[in-house]
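Below: one structure in C-alpha cells.
The chains carry the letters A, B, C and D, assigned in the order they are written, with residues numbered from 1 in each.
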Amino acid sequence: MQFRTDLAIEAREIAGENTGGVEFKRYSENGLEISRLIVKNQKARQALGKEIGTYITIELPSLTDNFTETDKRLETVGNEIKRLLPVNGLVLVAGLGNMEITPDSLGPKTSSRVLATRHISGEIARSTGLDRLRPVAVMQTGVTGQTGIETGEYILSIVRRIRPTAVVAIDALASRRPERLGCTLQISDTGISPGAGVGNHRTKITKETVGVPVIAIGVPTVVDAQTLAIDILGSDCNRKTQKMLMPQGRQLVVIPREIDLLTERASRLIAFALNGALQNEFDLPDLISLM
Amino acid sequence: MQFRTDLAIEAREIAGENTGGVEFKRYSENGLEISRLIVKNQKARQALGKEIGTYITIELPSLTDNFTETDKRLETVGNEIKRLLPVNGLVLVAGLGNMEITPDSLGPKTSSRVLATRHISGEIARSTGLDRLRPVAVMQTGVTGQTGIETGEYILSIVRRIRPTAVVAIDALASRRPERLGCTLQISDTGISPGAGVGNHRTKITKETVGVPVIAIGVPTVVDAQTLAIDILGSDCNRKTQKMLMPQGRQLVVIPREIDLLTERASRLIAFALNGALQNEFDLPDLISLM
Amino acid sequence: MQFRTDLAIEAREIAGENTGGVEFKRYSENGLEISRLIVKNQKARQALGKEIGTYITIELPSLTDNFTETDKRLETVGNEIKRLLPVNGLVLVAGLGNMEITPDSLGPKTSSRVLATRHISGEIARSTGLDRLRPVAVMQTGVTGQTGIETGEYILSIVRRIRPTAVVAIDALASRRPERLGCTLQISDTGISPGAGVGNHRTKITKETVGVPVIAIGVPTVVDAQTLAIDILGSDCNRKTQKMLMPQGRQLVVIPREIDLLTERASRLIAFALNGALQNEFDLPDLISLM
Amino acid sequence: MQFRTDLAIEAREIAGENTGGVEFKRYSENGLEISRLIVKNQKARQALGKEIGTYITIELPSLTDNFTETDKRLETVGNEIKRLLPVNGLVLVAGLGNMEITPDSLGPKTSSRVLATRHISGEIARSTGLDRLRPVAVMQTGVTGQTGIETGEYILSIVRRIRPTAVVAIDALASRRPERLGCTLQISDTGISPGAGVGNHRTKITKETVGVPVIAIGVPTVVDAQTLAIDILGSDCNRKTQKMLMPQGRQLVVIPREIDLLTERASRLIAFALNGALQNEFDLPDLISLM
C-alpha cells in the first residue's frame, strides 16, 4: 500500500521535513513561489523514493489566471530551466505520453510547440541571422501500445544518432493532492524512468545512461485513485475498497473536469519558457514570429 | 450529499428493487445481457430521479473483447435502438460533448461515424439505388464554453429548421460504479437535459419540448469523485473529505487509464449499431463501403 | 469557360479597371497595403460577378513574416472589420469549411480561436469585469457531406434562434493567381453563398435573407486548376486539356506545398484581429489571458 | 525542365516501352489489374530514373468504390506485399509525411492503423495465443521542419536499435497524371530516398544502407504543377509560365477537391492489407478485434 507521486516536494512531505540528506529552500520571483529540493545521498534517495539530484518546484496561479507571451513569469520559469542546461550545443526535446488521452497529452502538446532548429543551417541561415539559433531537435515518443517501442528505447535511439549535449523530457505527472493538478511545475535534472510507477523494468534515460544531462519537466494532471483513497481513509483503506478502485485490474485516476484547459495552459507555459531558455539570442515575440 | 449517476439501473439499485412504478425485466440475445427498465409514473420518477419512460441497458463484454463490423451483437444493439425509432422519415443524430476531453468525446466521436444522407437525392441517388437510404442529418453541438450556445438551444435550432421525425442524442455518461465504465450501454426514450447534473437550468430536449421522439444513447466513461467517496465512506464522508475532492471548487472525476480505448470501442459500437438501425435496406459492410 | 475567383479585386482586373459602377481606392496603414472596392449598382455587379457592397482587400507580407499578438498590423485589420460591424450587440461568428482538408480548414481553425462570450453573464461576470465583454457566439458549420445539412441552412437555423446583430462568416477562398495564396485578406459586407462557385443553388446568407449585416472574411488558399490553365493557355485551352484537368469529373485545385503554414498564419491573423475588433474594452494580451 | 513522378510505370511511359533492361508484365487477380515492373540494370535505372528493383503497381477502382474489411481484394494486395517480406522476424513500419497537410498525411494515417505487437510477449501472450503474432514496431517520422531530424536519419536511428528483418515505409506519392490520384498503389523493394525529388542530398534507406529489405508502399495524392504544365504545354512551357507556377519560389501541387476521402480510402486499404500480410496466423476480423 503506497502513495504514488511524481513530485519530490510531496515525497518530502510524506517522508517528513527533517529527512536527512535533503536540502530544501524557498524563494519567490516575479510573483511565483519557487522551491529547490536537493536529494543529496543514497539515504535521502531511499527515504523519498526520488533519484539523487535537484528538483525545482514552481507554484502556478489558479487556472483562471492564464499566461500571455509577454508574461514576465515565463522568464522566471525559463531561467530555472536554463540553469540546468549546458550553455550551448544541440538539445533534444522529447514529448512523452499519449495525444489521445487528455491528461496524458502534455508531452506531445508541448513538444509540438517547441521550435526545432537543428536543420536550419548554411548560407540562408547566416544571411538572415538564423544561425544564432541554438540547434534543437524535437521528438515525440508515442505510446508503446501503438509503436511496440518502449519510450526509453525510442529516446535512446535518437540520442545515439544525433548526440545532443542535453535531453529535455516533458511528461504529465501524478500528484498526491488534487489541489496541485495544473498548479505545480516540476523541473529536475534526474532524468526519467518511463513507466517506472507501473513497476515494470524499463530503460532509464539519465545522465548515467546517456552521458549528458537529462532535464525532466512536468505538471501533475492526475491523482492516482488508490493514492487518494489511502490519503482519505488512512488505515481504513481495506482490501475491498482497493479492489473497488481497480475494477477488473484496471487502474483508475482522478482528473478535474476542465482537464483540457489545464493541459493547454501548462503546455503553453512550458513551451514558451523552454523556447526562451533555449534561444537566448531572441526574445519571445521574435521567436513566435519565427514559428 | 447525493449519488450522481446517469444510469437508470443504478438509480433503481439505490432506490431499492421494490420501488413502486418501476417495471424491470432481463433477457439475453446473441450473448449480450439486456435489461429493460420502465419508469411508469411520477412516484417512480421521484424515487429514481429519472424521467418517465423506457431505459434499455446492455452489458458489454470486458474491454479486451472488441467488436468487428460483422459482429452479430451489433444487430442486437441496433434492434433495441430501432424499436424506439419511427419506421421512416428524417432522423437527426446529435453528438454531445467535448472532443478535447477524452472521457467527454464519445458524442462527437460517434456522430462523426454516422452516415449523413439527407443531402443525397435526385436523379443520381435514384439511379444508384441510394434513394433507399433513410434521410439522416448529423450534428455536433460543441461545448458552450467554446460556442456561447447551450447544447439544448443548438439542437433545438436545427430541429426547428429541418423538422426530423426523431432525434438521437449521443453523450458520455457518469456511472456510480467503476466496473461499469465502458461496459454498459444505455438507450432511453426520455430525451436529454444537457448539464442537468450540474444543477443549472437548461433547455431540455424531450418529446414534450420538440414534438418528436428523442432517443438518448450513452456509455459511462467517468465516476464522479464525490459519488465514489460517498460509496466507499458512507456516513464517514465528512465535510473535509468532500472539500478535498473539490479543490478550489473544481469538480473531480474518476476515469480508467485506458480511457482512449474505452471511448474508441464504445464509439465504434454505437456508430455501427446506429447506422444499421437507421439503414434497414443495407447491411453493414455495404454501408461501410458507402462511408 | 470561365475564370473562378472569390476576390473582388481580381474580378475587377478581369472586367477591366474602367468598369462603370465600381469605386476603387488604395491606401496604406501600419505598413499594410489596403484597397477598398465598392460594387455600386447592378451593372457593376454583372460585370464583376460580385454582389453589390464593399470589399476590403489587405495585402499581407510574404509567408516568412509572421504575426505576433502585439503586432500593430493586427489593429489595422481589426479596424477594417470593426467599421463593418454594428457598435454593439450579439455577434455570431461562423467558421465554414472542412477541418480534414488543409486548404479548406481556414474557417473552422479560425473560429475555434474566437472568444465565445455569450454565455458569460450574471453576478460573477459583473464582479470580475467580464460583463464588459461583447456577447459573441461561435459555430462551425461542418461539411454537408458529413452533416446532411447545407452550410447556409445551418447558419440560418442558429441566426433564427439567437438573433444576432451581425454575422461574421470565415471561409477559405479561391484566387486566380498563385502568388496571392495566403497573402491577401478580403473582408466584405456582401454575405455569403456557400458553394455558389460550384454552380449549385443554395441558401444565401446576406443582409437581405437574415435581416442583419453579414461580414465575410477570407484568405485564398487554392487556385482552381482550370482557371490557372485558362490563364496560362488563353484561347489554346482546348477541350482535351480541360478534360485532363477534370479526371473522372473530379475538380482539381492548385495549392502551395506549405499549405499548413499558410493556413495557420491566416487563421491566427484573422482570429487575433477579429477578437480585437469584437472586444474593444480589452487589449489583445488581456483577451488571450482570458482564452 | 523535367517530369516529376514517383511511379515507375509512368517513368517507363516517358522513357518508352521498349527501354532496355526493363521487364514488364501485367496480370489481374480478384478484379484488380496488377503490373510488375523490374528495373534490371544500371542502364534501365538511368533511363527511368528509378532504382534497380521490383515495382508492383495495382490499379484501384474509382473513388466511389470503397473497401470493407472483408473485401477479397485486400488479400490480393496483401499477397503482393507478403512476397517482398522475409517469412518471419521483426518488421518496422514507418509512416512518412505530414499529418497537418491532407495530401501528405497518407504515411502517418496508415501507420497509426498498423498493429504494433513487438511489446506483446511473455506469459500472457502465450496463454492467450497472442504469441503467434509476428513482432511489428510502428513509427512516424514526423516532418523535418518540426523535428530538426531528417526522415532518413530518424528511421535509421530506430533500425540500428531494434534490428528489424525488414522495413516497410509508407508515403504519399506524386503522379504525372491527375487520373491516377488515389487510384494507383505502388509497392517496391527499392527503399526510399526521402525528399529526393526536391533535389536535396539526404539519407537513403535501402537494403544497401540498412542491410535488410526496405519495402516502399504509396499512393499518388498530388501532381506537381510544373509537371502538369509541361505535360499540357509541351515545348510551349516557357520561362514565364514556369515562374508563374512557382510564385516567390514556392512549389505548387495539384490535388483533387475530395483529397480527404482519397487519403482516407488509401490509408484504410494499405493498413488492412499490410496487417493481413504481416499477421498470417490471424484473419482480418480477428486482427481488428485485437486493435
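Going forward, a contact is a pair of C-beta atoms (placed from the backbone, for glycine too) under 8 Å apart; a residue touches a chain by one contact, two chains touch by 3 or more.
These numbers come from a predicted model, not from an experiment.
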Far-end chain from chain A, centres as C-alpha averages: C
Considering A-C alongside C-D, which chain pair is linked by more C-beta pairs in contact? C-D
In whole angstrom, what separates the CA-based centres of chain A and chain C? 40
So, what's the distance in Å between the C-alpha centres of chain D and chain C? 37
Residue numbers in chain D touching two or more further chains are none
In the complex, chain A touches chain C at residues 65-70, 285, 288-291
In their shared complex, at which residues does chain C touch chain B? 112, 116-120, 135-140, 142, 144-150, 153-154, 156-158, 160-162
The answer for chain A against chain B in the complex is residues 62-63, 98, 100-103, 177-179, 181, 225, 228-229, 231-233, 241, 244-245, 247-248, 250-260
